[in-house]
Amino acid sequence: MADFWAAYQSTLGFAMVNAFFALSTYAVLSAGMLSFATVTFAALGGFLGAQLAVHLALPPVLVMPVSALSGALLAYVVALLFLRLDSHWMALASLALVLITRVVALNATALTGGVNGLSVPLSLPLWVLAAILAVICVVFWRLSASWYGIAARAVREDAAVAATLGIPQRRIQTIAFIISGAVGGLGGILLALMLQFLSPETYFIDIAFTMIAAVVLGGSYHWAGAIVGAVVFTALPVLLQAVVPDFEKVANGICLLLIMIFLPRGLIDPRALRLRRARKAPSR
Amino acid sequence: MSLFVEQLINGCALGSLYALFAIGFGLVFATLGILNAAHGTYASWAAIAALAAVQRLGLPFPLAVLVGVAAGGALGVAVDQIAFQPLRRRGAGMLGALITSIAAWIVLDNLAGVATGQDSLSFPTDSYPGGMLHVGGIAFSTMQLITIIAMLAATLGMHLLVRHSRFGAAMRAVGWKEQAAAIVGVDPRRVVLATAFLAGAASGLAGVLGGISTANVSYSLGEGLMLKGFAAVVVGGYDDVRGAALAGVALGILEVMSAQYVSTSLRDGITYALLLGFLLLRPRGLFGGTSFVRA
Amino acid sequence: AGPARAAALAPGDYKVGFVAEITGPIAFAGKSFLAGAQLAADEISANGWMGKGTHISVLVKDSASDAARAIQDIHQFIADRSVIATTCCILSPVANSVKPIVASAGIPLVIHGATLPGLPAPPWVYSMTVLPGPKDVATAVKMAETTKPKSVTYFLAADNDAFKARLGAARAALEKMGVKTAGVVSVLTADTDFTAPATQAMGEHPDAILIYTTQAPAVGIIAALRQRGYTGTIVGNDVLSPASVFKKLGPAVVGIPFPIGFSSDLATTPEAKAFVAGYKAKFGNDPDIYSAQGYEAIWFIAQGLRAAGGKPTRATLAKTLAAQHEVTHNVYGGEPITGGQIDTAGTTIVAWSADGKLVPWTGAK
Amino acid sequence: MLSVSALCASYGAIRAVDTLDLEVAPARLVTILGANGAGKSTTLRSIAGLHRPIAGSIRLDGVEIGRLPTHRVVQRGVALVPEGRMVVAPLTVAENLSLSAFAGRGVEGDMLARVYDLFPRLAERRSQVAGLLSGGEQQMLAIGRAMMTRPRLLLLDEPSMGLAPAIVDQVFSAIVALHRDGQSILLVEQNAEITLEICDYAYVMRRGRIVAAGTPESLRAAGAVLEAYLA
Amino acid sequence: MMSAPMLRLEGVQKSFGGLTAVAALSLEVPAGCVAGLMGPNGAGKTTVINLITGLLRADSGVIALDGAPIQHLPVHAIAARGIARTYQNVRLFAGMTALEQVMAGSYLRRRTSLMASFLALPSARAALRMTRRRALDLLARVGMAARADELAETLSYGEQRRIEIARALGAGPRLLLLDEPTAGMNAQESEAIGRLVHTLRDDGLTVLMVEHNVRLVSDFCDQVTVMSFGRALVHGTPTACMADPEVQEAYFGRKEDAQRIRALR
């Protein structure tokens, strides 16, 4: 048991870190925007936090809020620029942003260490990571139950109609971006602490695919879906490596395919729950 | 001056590959509503198939290209039926298809890696028109010419099909809402299959031509085209074949020129920053992308 | 001198955790590394080289060159008490991520591919890859001496610091000899189209072109230069040595000089010859420099185990590894180890011959 | 011509149509009446193949069509003017109409003229994208499109919805004219008075079941219509 | 009872490319009045509603609520001034139950700050409970209370229209714009909507209603404007409007038909 824990604790760690990225993506998706900008927020939070840790020798408890804040600030700026774009144009613009991020990370040697990367001489016990994730979960839970949650859902489903009901689309989406930025920046530094090493490749397309896949796999209509999806998406390849080492990748692809085919709205689907509840209700 | 012109031709030829890729990618997005992450693997597999046709069967160049194009199309159909059709039948949205396409991408990419022995292969130099052409002090290769011509032909053909034929109208109708097309007698399944085939074939053409001219037949072939093709689609307007093609070519030229005259390490940065700037100024792409949904 | 030879190694199966890169962008090399390692394990186990009844075996986990996956793999190896040592990493960032983990967990790690200087840190971390910089300079100088170019153009993988440094050293040496720099054409590791860079380089009309990039770009650049009709001198680097490069480029790569640490065609020592023969028998093709490095990594660990004797733990193995100052079973030709980093004395400059063999480069065309 | 027997259709656990029997004889105009949610639209959607029934049979001229996909049903000569119009928003009016050629039921030229004649507004807007038409214009397009497939059986789901009185009148005149020409029609319409005026036979639905059926006169006499509506 | 105009349109113009959908339209709706807007298909009625709610921007002209111009305000700000609407093609939020639709519609009446709501302070919880109760009341008003927990997309067309009205009422508007609220309803159901509109008016709401149902307009509207080709053709009491020869021509088509239709009714 202890061995099992030792062997898979890092998998759990990465799953939790990916959950932050997935939640960050969920935050914007739940207000009707598909954005990959989380990668950029993570890069800023990660590199900035790492530099603070290296040069000012700040402890993680101080570094993490700074990372989250910097991510949120950047997200605010990104929101100002991006909110004029709709749906897939925003997706592309954010993808372009990710690619630019990598070029900047490669060339801004002072902040990122360039191609050689940056060692991060800090580490984080797993339980701290779990505790932070739990706090973030509470935040998402409360948000979804608050007025903001209701408004965001309306904006997501039909922004024009929501606006005629007095729901300020821009403001809701800006808030969504800021939440996304904070959680993404936090995820960025947490990834740095997990890897203890950063390079421009750390924050790149892979994360974008991981987070979007996690959100959709887990169910994009509930915040818990992001977490479930991140865990499945992270752990699946590792488990498959143990089971079918030679066909791990192919098996992984097939598993994803099967999950989506049989649960096209993801593992957690509030709509199905509602339907079931309505069916049980003796209203008719 | 001749250097500039040669680089312009290099950019056009490179951009033609992006354009060919973007045409199919955009077609699937516009008509079937799927952001297909597996689209790049069609290119890789088409090149692998064409190479096999050359090496195993000794087919001449035109036939090998045909084999590659057919392989791309067939793969497009197969992926559609395995990864997208089940979701379509359940009326699930586009995001789900994004994930199944990622799954298909993982599987196909890995199998491509296995098929090439994780190596980057190339076409034997005598299996394609590999010569250089010299026109007034300007040198360019026969393959570049072929690539540009292929791109122009594919763009024109696809544009006429989608915009000016009844089948094209059916494609757009099915893309909008399958049931709306079916109630006037359009067989959505057939239209979907044809669309998937055409898109795969265009990607396959890009794959074969690109595989030959970059001497790189491997799973990374398609991945290289993927991001640029996607960018071309959005800049050009995903529902306009001409726009996507134009944007693809422009992207190729921009890339080559910024490497030649500015800096290679900033090349992608410049390309994507311009792209981003363009999007912010013209949020609906090159040709405006008229809305057909009322306020 | 030193302490008396330790007791014989206790019989048993000693497991080495191998974090492989057999899928992903550099899988072509990753597979060679692994094959070499497996051959070494077979050889060492077959004749009981470490002692009677002893075996060494390789446990494989694929990381696909992803740092996060590599870390998870390493953690799994660490958790597996039967694993006594680990080996990993072709890419330097991945090696950098794994390094602090093995050090704090206390398990020896032998890096088999990454070339960033400063990676090794005894007693836990060792590198079995010879740093390529000095050999590049020697090759460039020899080329300049024989062909006397006036100006040269360099190709550089702009996103790879190691190559930046290697180019810098060669360029300094050449400029000292009076060879002008016509230009530096940058490419990126992930690039696939090299027509434009080739056009750019040829636009500078250099007498020679020197390539400091990773394998895929190097191959693409040579193909593009030759296709566009460049007939001048090209100087490559060690990435051109695998047989697959010749298979792909054919005549285009013939006569291009590059330095090399190992080549099956030039194997002279008995160990090297045995390695080539064994590899051929097991896998049906010739080993390349990557298989040689994977092979060395396992032999180095075995060497440490044999020296440790008795019932070694990870810590005692680390101690004996730190005490090794050379690789005894080597295929490179005399390899001292300083600060955990392997080194080599001589440099062989080779080129592909028209019939696909690596032959010493003479400078004649 | 059309005979539906023991049809059951449901959405998940919600039973929308329950063992429904219904006949449309050739050249007849038959209507279904019923309150909101009675299951009328579901019945028409099931006949047209847009909704897969869970039990029962739907026969067109004795041939089972209940399991055919929509386009095959259309090609056999059933056309639907659906609730919610379902025009193809990104296509122009003319393209929308031209799609009906896929039904493969004859030349379109004269029918196109007839549609434009019936709805001059469509002729004016023929090159406008359908999604930008006004609600009523879209309804006209949906009716015109169904006519273009030259159906043997026309299914109309509230064709007058959203139309101005003048157009409603034209549509009903057209329905009457088509009926006179021998077209078989199954009509769902909220406007019971007009409907009972022009139909040959009527069914009254309530909660997925037929609760009354008969000629308009007999229904009016029985007062069944009113009762079903107030339920 | 009639007072200063609550809604005033003056010289409002809107073109789409070559098509002038609304041309120099002027219109007044007094407070506490149920106004009807009629006209042939494509006359520009829905466009007018889109212009008032800000979904479309007028090319020129003034739209004023209580005398203050609103045509430059963003859509949500116009809603916040007290205008709510329904849609001709029902536009409910996918995946939400009937109750949730109305709750979303009540955004403007939330009466708690984001922080309070986030922290689930007692005041916020009480406010939420109240909104819920109000939403249920509204559903009951449109006769849909029993279906509160059903997904709106599983309801029939007519039922969905009622949910839309309840959702618009959720915003607590002073001016309610209804775009063909009774399309797809039979005479009895339409009349129920008409009575609902009257009770709303009695509660102090002003209503502008686009309708093709002549009887509904005659029975329940205080004033009517008939549009044709983007212009206001006539304006006045329902009876006067219906009798106008121009209206007869433009709206009811050939006279005999109009008489026949009325005869049929």
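Per-chain numbering from 1; labels A, B, C, D and E assigned in written order.
The working rule: a residue touches a chain if its C-beta (ideal position, glycine included) is under 8 Å from a C-beta of that chain, and two chains touch if they have at least 3 such contacts.
Worth saying up front: this structure is predicted, and the values here are computed from it rather than measured.
**Q** Along the graph of touching chains, what's the shortest path length in steps from chain A to chain B?
**A** 1
**Q** I need the common contact partners of chain A and chain C, sorted by label.
**A** Common neighbours, chain A/chain C: B.
**Q** Among the chains here, which has the CA centroid at the largest distance from chain A's centroid?
**A** The chain farthest from chain A, judged by C-alpha centres, is D.
**Q** Indicate the whole-number Å distance between the mean C-alpha point of chain A and the mean C-alpha point of chain E.
**A** So the centre of chain A lies 41 Å away from the centre of chain E.
**Q** Compute the distance, rounded to whole Å, between the mean C-alpha positions of chain B and chain D.
**A** Distance between chain centres: 43 Å.
**Q** Just give me the whole-number Å value for how far the CA centre of chain C lies from that of chain E.
**A** Comparing mean C-alpha positions, chain E is 75 Å from chain C.
**Q** Counting only residues that touch at least two other chains, what does the list for chain D look like?
**A** Correct list: 14, 132.
**Q** Residues of chain A that contact two or more other chains, please.
**A** Counting only residues that touch two or more other chains, chain A contributes 106, 160, 249, 275.
**Q** Give me the residue numbers in chain B that touch at least two other chains, ranges are fine.
**A** Residues 110, 265, 268, 294-295.
**Q** Please name which positions on chain B make contact with chain D in the complex.
**A** 166, 169-170, 172-173, 175-177, 179-189, 239, 290, 292-294
**Q** Under the definition above, what is the set of chain D residues touching chain B in their complex?
**A** 48-50, 69-72, 74-75, 79-80, 82, 86-91, 95, 98-105, 129-132, 145-146, 148-149
**Q** Taking the complex as given, what residues does chain A use to touch chain E?
**A** 142-143, 145-148, 150-151, 153-154, 157-158, 160-169, 221, 270-271, 274-275, 277-278, 281, 283-284
**Q** In the complex of these two chains, what residues of chain A are touching chain B?
**A** For chain A paired with chain B, touching residues are 34, 81, 84-86, 88-89, 92-93, 95-97, 99-100, 102-104, 106-107, 160, 205, 209, 212-213, 216-217, 220, 249-250, 252-257, 260-261, 264-266.
**Q** Of all residues in chain A, which touch chain C in the complex?
**A** By the definition above, chain A touches chain C via 3-11, 14, 106, 114-117, 119, 121, 123, 194-197, 199, 201-202, 206, 237-238, 241, 245, 248-249.
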